[in-house]
Amino acid sequence: MSYPLHADEIQLNQNGQLRHFLTVEGLSKALLEEILDTADSFIEVGARSIKKVPLLRGKTVINLFFEPSTRTRTTFELAAQRLSADVLNLNISTSATSKGESLSDMLQNLEAMASDMFVVRHAQSGAPHFIAKSVCPGVAIINAGDGRHAHPTQAMLDMLTIRQHKGRVEGMVVAIVGDILHSRVARSQIRALLTLGAAEVRVIAPQTLLPFEPEALGVSVFHNMQAGLRDADVVIMLRLQKERMEGALLPSESEYFKLYGLDDQKLAYAKPDAIVMHPGPINRGVEIASEVADGPQSVILNQVTNGIAIRMAVMSMAMSGQIASAQNRS
Amino acid sequence: MSYPLHADEIQLNQNGQLRHFLTVEGLSKALLEEILDTADSFIEVGARSIKKVPLLRGKTVINLFFEPSTRTRTTFELAAQRLSADVLNLNISTSATSKGESLSDMLQNLEAMASDMFVVRHAQSGAPHFIAKSVCPGVAIINAGDGRHAHPTQAMLDMLTIRQHKGRVEGMVVAIVGDILHSRVARSQIRALLTLGAAEVRVIAPQTLLPFEPEALGVSVFHNMQAGLRDADVVIMLRLQKERMEGALLPSESEYFKLYGLDDQKLAYAKPDAIVMHPGPINRGVEIASEVADGPQSVILNQVTNGIAIRMAVMSMAMSGQIASAQNRS
Amino acid sequence: MSYPLHADEIQLNQNGQLRHFLTVEGLSKALLEEILDTADSFIEVGARSIKKVPLLRGKTVINLFFEPSTRTRTTFELAAQRLSADVLNLNISTSATSKGESLSDMLQNLEAMASDMFVVRHAQSGAPHFIAKSVCPGVAIINAGDGRHAHPTQAMLDMLTIRQHKGRVEGMVVAIVGDILHSRVARSQIRALLTLGAAEVRVIAPQTLLPFEPEALGVSVFHNMQAGLRDADVVIMLRLQKERMEGALLPSESEYFKLYGLDDQKLAYAKPDAIVMHPGPINRGVEIASEVADGPQSVILNQVTNGIAIRMAVMSMAMSGQIASAQNRS
């Protein structure tokens, strides 16, 4: 099965409001900034004594994880709870659905239960688009990571973190370091950074961890940290999947760390006030040294906090957009 | 261990109100209609912007699934959430309880936690009755499927669907097709249909998938679709458990589909406005063709929507009945 | 890794209020009585029609179970729900955390999600202390059982049960029977009983199930039921882990029952109005006869009911203490 990989107009309703959140691609700078502004208001909610707003009260949110992920599922569950939604977690092994019931049948059943939103993680690129377009157009679909394609809430929480610490994304020089080839996170980050007007997006990686013709993504390519990090405002480290090592794409952990691992010495190539980000979970001593992860330039835990706020933002915005669409139809 | 299979008077309190929902058997037409009327009012709740009523607020509902079932468990969980109950899911492998602790001890412990309702699915026929009668009489027990015995909420959602689409159950000719022998769904449907005054209930199945002396159930028996579907108002297809094929009860999937699978051609034997139902999940091309499942006479997804409303109805009614019983005792 | 085993001053804020609940050790008689009094007020909540108070509304409680436990997890989840908290269950196999991410990194991530409370069960003694002291001091940590060290909520629910049935703990003669050596429950019970002024705490066990120098715990030691139970007001039976038998620490189940199992005959050695307690789940016919477990002196199910109230008490008290600490800091 091959799914469409572009969200086209599916994500927006006829008033241009978000009604699904599938990818950063195709969304305007204004809309991305609206997401960031909305998230800003939810950061304040997280700091309140009662961390709850009634925006999704009486709505049913189903976490549909076809790929296991405690971490991302947890942040979406907390975000939904703080929006006062009713949340249901379904961890579905793909084998199980293929055996008994088709994916479409299962999803239409869930839709018939008067579900309002599916948060979908799937190993196959484009699965959330397929659901939004062909299966359940009346349910707001939030992409929580699909194949190697996109992880748009991760990208947006990164943008929020940059804006928080640097005042803006516009004009920033951002270096993304590591396994660009296999990373849905990187793909979404690059798109969001370019849309928001970053001055330059650089990728730093060995040839084996870069896609074919990486320049087509709109980035500059570096194979060495000293050149790539020079004058960077933001350094984003990617998690190194250890199985890449076995797949002979990489020499060894220690060799990788020597060349691409971020320690204080390499971080000094960047601007003195550069911030260091990582989507987590971090491999200490593989792609990042503890001195950096726990150091004053690290904003890794802020990213986690911002992740809840971004998820609350896209969930509440997509729900509003769906409701507006339904009212237009009727 | 053998459990009692008749609910007798256990289901009702001394005012004749439901306080457990174990089986359709023994319940009056008036009570079944009260369940349907109550469910009707909850269908409206499912269509609201805030799908929540406070009827079970501050009550603890425990989903006790001794047999795995994502689908039924999900509908009960959503129903409980929309009634504002606190819900706890316990998936208990029977082996685990037999090892450490007796079933009775475990249940009495859960009761001592001030639980108000257990939704019980168990592979053993009569387990929910046993719990209601002997273990936790003060907890409302809802049968979510026990062995080959009963699946009463499924039967009632089917009745609701018939009433919705045909105006009434009374006077209808209903054909149930497939594995009657192993189906708790069929057993409960037949009972509910007869109580509500269906003109005729037919079962259509090969001899090997019928119980001994099926006529004792009050149904007419057919071994062929053309005769069995003639003038039917409602056609209920049952899911074919694929393991029956291996058990040599059936020749092959394609052979079964040829004889008993519902396609447009066979559906034409029924009345032109006949509706097609299926408890799900459907096996496309085994017991039902996609042209029928997705066709204009199919009400399969309506059944799913109605399932939430029926579960909300029996849960709220049984809770009221329990509260009234407790007040009578004190 | 070895963790510190004493909670010292970590458990209390500078006003002497509870802000973590890690162990009974080091807590004053007045504070333990405050816990019992608070729990008393929550017992009334459990009997209400709407079993809910808004004390933890908008707070995020994460059940972090590194050791599986349906029973204890369930009581904490119900307690949190009745305090109106948002609850998230994470069952974490220790292997998984060691593989990908350090325990500290995982916990700091959860903290960064604006979590308010972790309920922690861990196979390693001292893990909850480590988390409270070194990892997440701003999150209220509740110990739900750590290694052989402590199970303080179990001990406190036992104290509540004694006070309920005997009017007070002070002056009571309490016998604890069974596997003292491996029991975190016994360790916490002994501490709580002594702090609350029990006249005598006795342990009754074969030599192989006693720690080295048991008298150091402040208890009197008996190897025989007749002497140990004489004039006891309270008899606490411990669960016998069946694997002890295989480990050659014990002869056989029937031999153990003959010597240390509580039946009516042995119970007669205690005071006529002695109560019988057990933390559950019980092994009928191993450490306790059914005639006793189900008999008039058994308060085993009351313990379960009290368990919810105690957990509500320490959760709400620790949350208040944390909030007060945070206000002092700012």
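Letters A, B and C mark the chains in the order given here, with residues in each chain numbered from 1 onward.
Rule of thumb we're sticking to: a contact is a pair of C-beta atoms (placed from the backbone, for glycine too) under 8 Å apart; a residue touches a chain by one contact, two chains touch by 3 or more.
Treat the numbers as computed from the prediction; the structure is a model and nothing was measured.
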{"item": "Category of the chain touch graph - line, ring, star, complete, other", "value": "complete"}
{"item": "Same or different residue numbers at the chain A/chain C copy interface, by half rule", "value": "different"}
{"item": "Inter-chain centre distance, chain A versus chain C - centres from mean C-alpha coordinates, in Å", "value": "41"}
{"item": "Chain A, residues touching no fewer than two other chains", "value": "none"}
{"item": "Chain C residues within the chain B interface of the complex", "value": "46-52, 70-71, 74-75, 77-78, 81-82, 280-282, 284, 301-302, 304-305, 307-308"}
{"item": "Chain C residues within the chain A interface of the complex", "value": "57-60, 86, 88, 90, 92, 100-102, 105-106, 108-114, 323"}
